[in-house]
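Labels A, B, C and D are assigned to the chains in the order they are written; within every chain, residues are numbered from 1.
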Amino acid sequence: MVLFGVDVDYLAFVVLFCVGLYMLVRKSNLLKKLLGLNVMETAVFAFLVTAGMIEGADPPIRTAGTGPLFANPIPHAMVLTGIVVAVSVTAVALALIVQIHAHYGTIEVDELKGLP
Amino acid sequence: MEVLDLRPLLAPLVSFACAALVVVARKNVFWRRFWSLCAAVLKLVVVLSMLPGTLAGAVYHTPVITLSPGVSIAFRADAYGLFFALVTSTLWVVTTIYAIGYMERAEQRARFFGFFAVCVSTTVGIAFAENLLTLLIFFELLTVATYPLVVHAETPEALRAGRIYLTYTMAGGAFVLAGSLMTLSAAGTLSFAHAGILGLDAGRATLAVIFMALVIGFGVKAAIMPLHGWLPIAMVAPTPVSALLHAVAVVKAGVFGITRVIYNVFGADLLGELGFASYLGALAACTILVASVMALRQDQLKRRLAYSTISQLAVAVLAASLLTPLAALAAVVHLANQAFAKITMFFGTGAVREMTGKTHASQLAGIGRQMPYTMGAFTVAALSFVGLPLFAGFKTKWYLSLGALHADAWWFLVVMLLSSLLNAAYWFPIIHRAYYGQRVAQPERSGRRQGAGLDVDRDAAGATAASAGGKREAPLVLLVPTLICAAYVILLGTTAAVPGMPTSIALIAVYETFGLAGPVR
Amino acid sequence: MTFSWSQAVAWLPVLPLAAAALVPIVAQRNARAAGGFTFVVTLLTAALAVALTIRLVAEGPLTVHLGGWVAPYGIELRFDRLGAWSAPLATFFALVVPFAWRYLEGSVPRERWAAFYALMLLNLGGLIGFSLTVDLFNLFLAMEVVSISSYALVAVAGRGTAAWAALKYLLLGSVSSLLVLFAVALLFALTGSLNLFDVAARLAASEPSPAATLALASLAVAFVVKAALFPLHVWLPDAHAIAPSPVSAVLSGLVVKIGIVGLVRVMQLAGESGIALDVFSELLMLLGAVAIVMGAFLAIFQDDIKLMLAYSTISNIGYIVLGLGLAVPFAVSGALVHVFNHALIKVTLFLAAGSIIHQTGLRTLTDLRGVGRTLPQTCAAMTLGAMAIVGLPPTAGFISKWYIGLGAFSAGRVAYGFALVFGALFVFIYYVRMLNTFYFQRATREEVVAAVEPPWSMRGPVIALAAACLIVGLFGGILLAFITPAVGELLAAMGS
Amino acid sequence: MRWLGLALVVVAAATLMLGVADLPPHGAPDAPVHTHVGARYLERGVAETGMRNLVTAVLLVYRGFDTFLEVVVIFSALVAVVALPRGRAARPDDGDDRPPAASLTAEGPAQQLVSVSPVVAFVVQLLGPFIAVFALASLYRGHVSPGGGFQSAAIFGALFIAIALVQGRERAALLVPRGARVWLQALGPLSFALIGTVGWILTGAFLGYPADAAAYALREAMVVAVEVGIAVGGAVILAQLFMAMEG
């Protein structure tokens, strides 16, 4: 299905990405910013998986009774890896936010800006 | 004939080594003085040892490091470079002696003598630079090494002066860098050549930009008029620094750079065709006159000296920009003539300040009777500046005028005449007052040396100091260098065979540059 | 098993990364031993990298196909003249780590030393992997190893303020990482391959598509963020100034360079695939020139010496980016040499500044008056570094400035040439202030008067690095000759 | 600032649309993405790696180095979190007048974060062993069926968090003995380095696996070793991340 000249699956990626970006840019709360970042990451993962799929194909596990079409295994591997990376970054970010909260007593960027 | 030789590299290295040793010696007065003097003498010996060869037509060169094809750090002692090196290294010996006396009780002497040595080292490096890159490197090093000397007093005033000095000279360095880069991309090489390395094919606009960048860059150090602002301000430095660096090394490096640009980067022929030099000449002529007028208005001696320096340097730049052999000769010999005369004056001024604490022209009434030898030397230098025959300054003016006539630049004679008159106008009153003026009974600031006795001279001086108008000559460490320089001024003016500084080298330099059949070839 | 040097290339990133996992184990017995262990690992890595560089000069590039799968079916690491960047990387770490031994005692609690050293090794391994790999996804992962360890290193010593600086760094850094991942995904979707050269070849063979241009552009933007080019530099100053000095040295000297290495990879991609990025390189040049001036300009107003050094990084990145953007042999060589030179100088400066801060406990110029008298050696190193960063001859900085400038003038970009030459003057204003403070003003603080030179484990690296600033300045031609063939290849591809 | 953010989003959206509009239609088997490297993996993957799950084959064999970096990334995350100062030492003076913006402050180290109903606690305890078995199966069968080291690590990690929530941190912490933690957390990178070296010795290529049929068992052992390293290392790291975050 094509919408605005773009495949609808890709369109979903764009929308998701922009929602994340909007959260990241416009939200003052650091946790929400981090969530926005995660949404953006998810969007890119979705994009990758979409790019690797074939209409009506089986997952790339070649056991009896599958095939002949299989989805591309590389995007799956990349997304698996990417998720781990995203989790790692999120963990570090959360730890930092805990720190910030402990020190400043707030995690609102608007309030943090005025503080030393 | 090109000769591979280590000496052009050795000459700057000697004083770098000395700088290191001075810093190592630090608190030990004897070794500090020993190394300072030792290096000065050694360097003079190294430079002098090249003299016979150069007179015989040899050109010593030392390639050091090649960065990429056409770009290298290399040294080459041609006649012009050697002449400049001779001037600086002779004066370094003299100034070192003076400085040892003058700086006796100053703070941070290790730093002072260390950077002093580095400065001279870099000046010789400039003299022996084989190409623009090497010249630029030493040019920038000179800037950096002078800075601690300028701000030596560490007063807010000195720091401000240092800041202004650096702003000017670093900007100048940046212009030289830009000019060098453009030269390299236009000519493909940076090595100086007698006929120049640039050609018309680079395009007139490009050449104009290159010329402007290089002349502005070197012009800052040479204190050509709109770029002179740093020089009077930098006079807060101790007198030996003002003397050697702001009358000789730094400013002469600028003039030396400009002549290199005119003759060895562009070449007289190309510049003659382009006509850029005449703008530079006009600027220099203005500088001569305006700076002289400014000098008239200065009461503080060192500032008056500074403006006089600006005016005198412009004479050399003007001579170089006339593009005729005789004028070029004037430009070369003026390097020595002005240097010796100006340093004599600085030494005299410094001695007066040391002994009496007087720093202004108006305070000098009767000083000639107090310090006859010092003021005698001062008078000799002043006469040289005015351009009286038998003094060094006359030679410059003579060649210059001849060169100007060759170039059909009659207006230049007018400038020269006016300059002589102005020189007379600002030096003679001082001398007159020094010898015939009556001391005004005013509570005078005491000289730094009054009272405390360190050497024999001072005891004598101190004893007679109480009786106003009594003789109170400067100590020998200060007096002897002054007198030597004054003697040189007369020698340079009277005979061509000055030991160590024969006019014939200057002649060889000019012959080389203009491709004429030289006296020795 | 047959030993081959190209297999050793694989060990170059693996050695520090695997050793990082061992650091907490070593530290369990003795936190100090972790420092020694880390030092040994960095030293081994450096030795291996140097050995590989020697093989490289003798025999040409070394390539390893990990797992034996030939590219594009597997991951390929290339130790070519650009990958040889890992040798200085490891060497700098081998100098920074001993510096950190004593530095940490005053700034990081003992129980976190293990984490600190592990992060340093992870950072090194990531940086090496990043400069060696020619697989795009692998590039992304190596970048993430570097990024995560960098975020944490920023915050390792400080409290809340450091965490806030680190989080700003993290948020912007993650967006840039995400852009890289997106670009890699896009390129993969277009070509079905992840190997950089295979991707480029397949792009060249297919019809030009806006998607490929978008991918390259987002890669470039991402790397520009990592490199902290001027308008995207906002994360850098706080992060680099708040981090402990050894970390600042690594971040400012080495980590920002992943942006530059990344840009070179983009240039390779663009060149090999024939995608023209003219507008983009114009923009790069403009931003580079602006960054030179603005970075220097902003540095002038800083009183904190580390903040000033951080801003000067922005200015220096401007030099490199301008050089890359000019895309003429001299300029690109100069830029790549400056990648090394700036690393050298900035590590020197940050370590020297760190020594001063460590010995006096003060970090603003106002407080540090007269420190040149009590810490002569450290301040001399700092001065040499300052001269080098300004680009005064004959120091390391001059060489790169010279060649980038030469490139600008020979390409006819006179305005950029002048911007480059005069931008340095701004930098100088600041350093003059610093030198005045150090040497020509009286001490106002007791800490300064009472300060003594740091222990040799800190002083040694600083002095060695400062000496290197001078030596590299004199023999910079060697670096240039080393990198020139690589630049030739890069530009030849771009020209075709 | 308001409109700047919006503008950024709009520009990003427009650019992305422009970019993806040009992509080959997704889902078509003849797109370049499916005919190049991926196709070869599908074709020869089973023979070359002995794994039916080609995602695992890509992760462990073809692109093993990526996975090495991946375990390094998650290890760095742990080290990074450990490296940060403990969060609870808030300034004493800012507690009262500034209400916490989000409920980040824990009441005390020993207390549960969330009050759990007895039903949930019971279910967790009941399902715990099954979850563990599932994680193990996913680990062991990862190369022939859906699953693999990371999935197993994630399940183990989730199980740990569930137990910590229900039984308290102290009880959960017993699952990962303090002395063994530093070893277990390093298992991921270390197993890769070790098996990579073994592969180097056996095949001459770092991270290589012997391909001939005779070495089937050996290859299987190597794969399982790496998978165990990933799973155990990953699980321990996730568990420690959880513990480090708030206590």
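Here is the rule we use: a contact is a pair of C-beta atoms (placed from the backbone, for glycine too) under 8 Å apart; a residue touches a chain by one contact, two chains touch by 3 or more.
The structure displayed is predicted, hence computed values, not measured ones.
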Exercise for the section: Select the chain whose centre, defined as the mean of its C-alpha atoms, is least distant from the mean of all protein C-alpha atoms. Expected result: C
Completion exercise
Comparing A-C with A-D, the busier interface by C-beta pairs is A-D
Exercise for the section: Averaging only over C-alpha atoms, locate the centres of chain B and chain D and give their separation in whole Å. Expected result: 73
Handout entry: Mean-CA-position distance for chain D and chain A (Å)
Key = 15
Problem - chain C and chain D, separation of their C-alpha mean positions in angstrom - result: 29
Problem - Interface hub residues of chain C, defined as touching at least two other chains - result: 137, 141, 144, 148, 151-152, 155, 159, 163, 188-189, 192, 194
Fill in the blank from the handout: Each of the following residues of chain D touches two or more other chains, namely 16, 20-21, 23, 26, 33-34, 37-38, 41, 63, 66, 70, 73, 76-77, 80-81, 84-85
Handout entry: Multi-chain contact sites of chain A, meaning residues that touch two or more partners
Key = 47, 51, 72, 74, 81, 85, 88-89, 92, 96-97, 99, 102-104
Problem - Sites on chain D touched by chain A in the complex - result: 2, 5-6, 8-9, 12-13, 16-17, 20-21, 23, 25-29, 33-34, 37-38, 41-42, 45-46, 52-55, 57-59, 63, 66-67, 70, 73-74, 76-78, 80-81, 84-85, 87-91, 94-95, 98, 100-102, 104-105, 144-146, 148, 150, 234, 241, 244-246
Completion exercise
Within their complex, chain B touches chain C through residues 65-68, 71, 73, 133, 136-137, 140-141, 144, 147-148, 151, 154, 158-159, 162-163, 166-167, 170-171, 174-175, 177-178, 181-182, 184-185, 209
Problem - Touch list for chain D against partner chain C, complex - result: 15-16, 18-24, 26, 31-41, 61-66, 68-70, 72-73, 75-77, 79-85, 182-183, 185-186, 188-190, 192-193, 196, 199-209
Handout entry: Residues of chain C that touch chain A when the two form their complex
Key = 137, 141, 144, 147-148, 151-152, 155, 159-161, 163-164, 166-167, 170-171, 174-175, 177-178, 181-182, 185, 188-189, 192, 194
Completion exercise
So, in the complex, the side of chain C touching chain B is made of residues 387, 392-394, 398-399, 401-403, 405-406, 408-410, 414, 417-418, 421-422, 424-425, 428-429, 432, 435-436, 439-442, 474-477, 480-481
